[in-house]
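What follows is a pair of complexes built around chain A, which joins chain B in one and chain C in the other.
Moving on to the complex of A and B:
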């Protein structure tokens, strides 16, 4: 068990007029090798939850454990934790700052204590694994396209050699081609580098295609947790949380209603396509 | 002459290095002919860097063409004496509402445009109240824009443009930063503006789903218009659209893949509901 979140409540502005409970008694276990999706309406507590995981937000109640250790213990080394649990924020390209892409990617590893040589090797590896072309390494990150800037920001996290990678809406604002390429990179990191992935997304099609397991948040509470294909069968709870099912699942539902018998529990594009071909050919 | 017309429009950016020497020239828009009738809803699709925003910036005279001409409601956009009239006629809403909101209170923000037009305070009040009512933002009149959600901020940007009484509004990826619900809400609101207030809409996006109900779709790649026409005709070019970095609606892609495998379906399917209908028809025929 990589990360354990044990009965955590997070309150903002306690004793103030703007008081709100962002998370309400949440428990969650993330296992090594998980590809976990987090879905929830805007304001459901997704961002608060992921910031707990690497110690950026402190719980009002409850504990967070990384590999068995309470990360909010006084003597716990949270700086090292932030290298092991990498967090890619929304629109991370706004955080690029250095003069060259390579320098920018070196910042993270240097900051958590890698020596110069180790940091550079790690940065080189990271840039390779996000598919950054060599001739852009020494360019200013501000001269690149949106998709390339996003990849540079992701490399900045990877250079710290994280064991868990948390991504907050990593495809927001990119064009479809760049979205596919970012998701492809993440999938490869999971399969080849065995990095545990936590993906926050508004796009149910992407969650269905990429994750094995997902949780659903609604008003700060965890309302669903299970295999992605099982969670998407809970249509009523999803609807209450303001979420929909993947488009292909919706299609299967419509077909069944109109007397066209097809498996109802399909959530991935290729599976639905195969099933339709079996029936129609 | 159509309401908005571009003829052989080209625009070149000059790239310079740190010392200011010319490194090269990028032709961001390259020979675009566009014609938009008053009252229509058209979409311009393209991947990032295809030139769609550069084209849009010409339509209210924020950029001037390197070659070719652009006219808006009969006015040449390079005519300096007309720039205010052009910007009043064709308003713009950008991707990030935070870049467009100037007031510290909602109603002050909406008043900014009409104040700049030099209107009387009575008229300004009338317009501010009118736009806020139209966008459903009256309840937030005295709030600070920072307390609004993304979708509400985008509504506020639209209210600010509406207060100038434009004939046309250009939306440059106006939903890119919103969640799916906010995106659907803004789009349906803009459709209503088009239908009820007869405001011409130019909707720029890379989400093809948003272009489904347009009167016409123009697809851009490398500064050129590579496809144009009715949505179902344009969207049936699945391979070409995928090659230039766009993604067709999932229903279109699925029907295209099934047709390729020999399932007899009609082309030009844009949504899951029509796909379901087509599949049922195909099944009945095969029995």
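Moving on to the complex of A and C:
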């Protein structure tokens, strides 16, 4: 059990006119090696939940544990924690600031106590693993395309060698090609470097395609938690949470209604394609 | 910290003050600010405070929300007070080390703190109860007479409303960038002053780049709608005085009259000259 969130409630400023609980009594266990998806409508508490995991937001009630230690204990070293639990924010290209991409990627590891040499080696590795072309290493990050900037920002987190990588809508605002390449990189990190991944998204196709397990948030509450393929069978709860099933699952449902005998519990593109080809053969 | 700045924010609710014409509120605010600078005696200040409390009650904005605005400028207030305490000459009250502290200095310092607090709360009442668009309309109409002196009133009002509109956005953005850099191990709280200023660079640079980008987009959007400044523009919602406005003006006149008479005749009242018995200069 890597991260344990135990009955956590988060309340923001009660003085604001539109006050509500951002998270309401949430419990969640993230295991080593998980590829967890977090789905929910805008304002459902996704961003709050992940900021809790690396100690950026304090819970009003409840505790958060990382490897058995309470991360909000006074003496707990949250800086080291942020290296181990890497969090890539939404639109992370807006956090780039250094003169060169390479310098920017070194920022994280230097902060958490890597020496210059180790940081540079780690930055080099990270840039390689996100597929950054060599000739861009010493370019200004502000002259690159959106997709490249996003890769640079991802490398900035990876250079800290995180054990858990949390990504908040990593594909938002990118063109389809760049989206697939970012998700491909994340999948590779999970498979080859054995990094535990938490993927926040409201694109159900991405969640279906990549995650093994998912949770669904609605108005600050956890309404579903289970294997991704099981969660997508709970159509009513998903609908209530303002979410849908993946497009291919929707397609299967529609075909079935018209009397076409296809399995309805498929959620991944490749599976549906294989099934269709099988039936049509 | 930066979240505490309430100046320039709009608090969405309904109240007597919210319904007033922006011109009434602008003139009211100006009159109030002027009365704060006219006299320095306890009666005037108590009366100004009572008036302010009444206005806050009439605005339906929670009192806590207003006080929060003061926290942001606490540093400026303390500095002003200290400078006054140490620099105003007069009868020595006591010594701090080799610095004499004059009665007059303490007196001015105490008044300065109250004056600044009333000033900030009074002017934030204007923006808290007036949406930016209405505020600009009001400013433009109130100062329209200055057009005969070739003052570009419309342009200035427009610039001001844009600035006001951007304050909450930039605050939000600063928060996000700070969090993003914190999750990369940045540390804004420890080390020497120089180190702390340096540690803010990764926040300031992306913030500025974002602001310039937004300014560019905004200029494009205005241009695309053929915006040409104030020349022959008609209004969608022309400003019109209502009953409440006349009542408010009557109240304002009474208030100003009360302050002036208190200011003139306070010396005949007990402690009217001063709390410390020094007398106004």
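Here is the rule we use: the second predicted complex is superposed on the first by the 276 of 281 C-alpha atoms of A that agree within 3 Å, B and C clash if a C-alpha of one lies under 4 Å from a C-alpha of the other, contacts with A are read in each partner's own complex, and residues count from 1 in each chain.
As a convention for this text, a residue touches a chain if its C-beta (ideal position, glycine included) is under 8 Å from a C-beta of that chain, and two chains touch if they have at least 3 such contacts.
Because the structure is a prediction, the values reported are computed rather than measured.
Superimposing the complexes on chain A yields a three-chain arrangement in which chain B and chain C clash.
By the touch criterion defined above, A:87 lies against chain C but remains apart from chain B after alignment on the C-alpha atoms of chain A.
Using the contact criterion defined above for the overlaid structures, shared-chain residue A:107 touches chain C, although it does not reach chain B. Once the two complexes are overlaid on the shared chain, A:48 sits clear of chain B and of chain C alike. In the superposed model, A:97 lies in contact with chain C only, and not with chain B. Of the two partner chains, neither chain B nor chain C is touched by A:218. The partner that reaches more residues of chain A, of the two candidates chain B and chain C, is B. Shared-chain residue A:175: touches chain B; no touch with chain C. By the touch criterion stated above, A:201 is placed in contact with neither chain B nor chain C. Comparing the two interfaces of chain A, the one with chain B and the one with chain C have no residue in common.
On chain C, the positions that touch chain A within their shared complex are 11-13, 62, 64-65, 68, 173, 176-177, 179-187, 201-202, 205-206, 209-210. Interface of chain B with chain A (complex): residues 47-49, 95, 149-150, 176-177, 179-182, 206, 245-247, 250-251, 254, 257-258, 261-263, 272-273, 275-276, 279-280, 282-283, 286.
Those residues of chain A whose C-beta lies close enough to touch chain C in the complex are 15, 17, 51, 54, 56, 79, 82-83, 86-87, 89, 92, 94-98, 107-112, 142, 156-157, 160. Taken in their complex, chain A has these residues touching chain B: 41-42, 145-147, 172-180, 202-203, 205, 242, 244, 247-248, 250-251, 254-255, 258-260, 269, 272-273, 276-277, 279-281.
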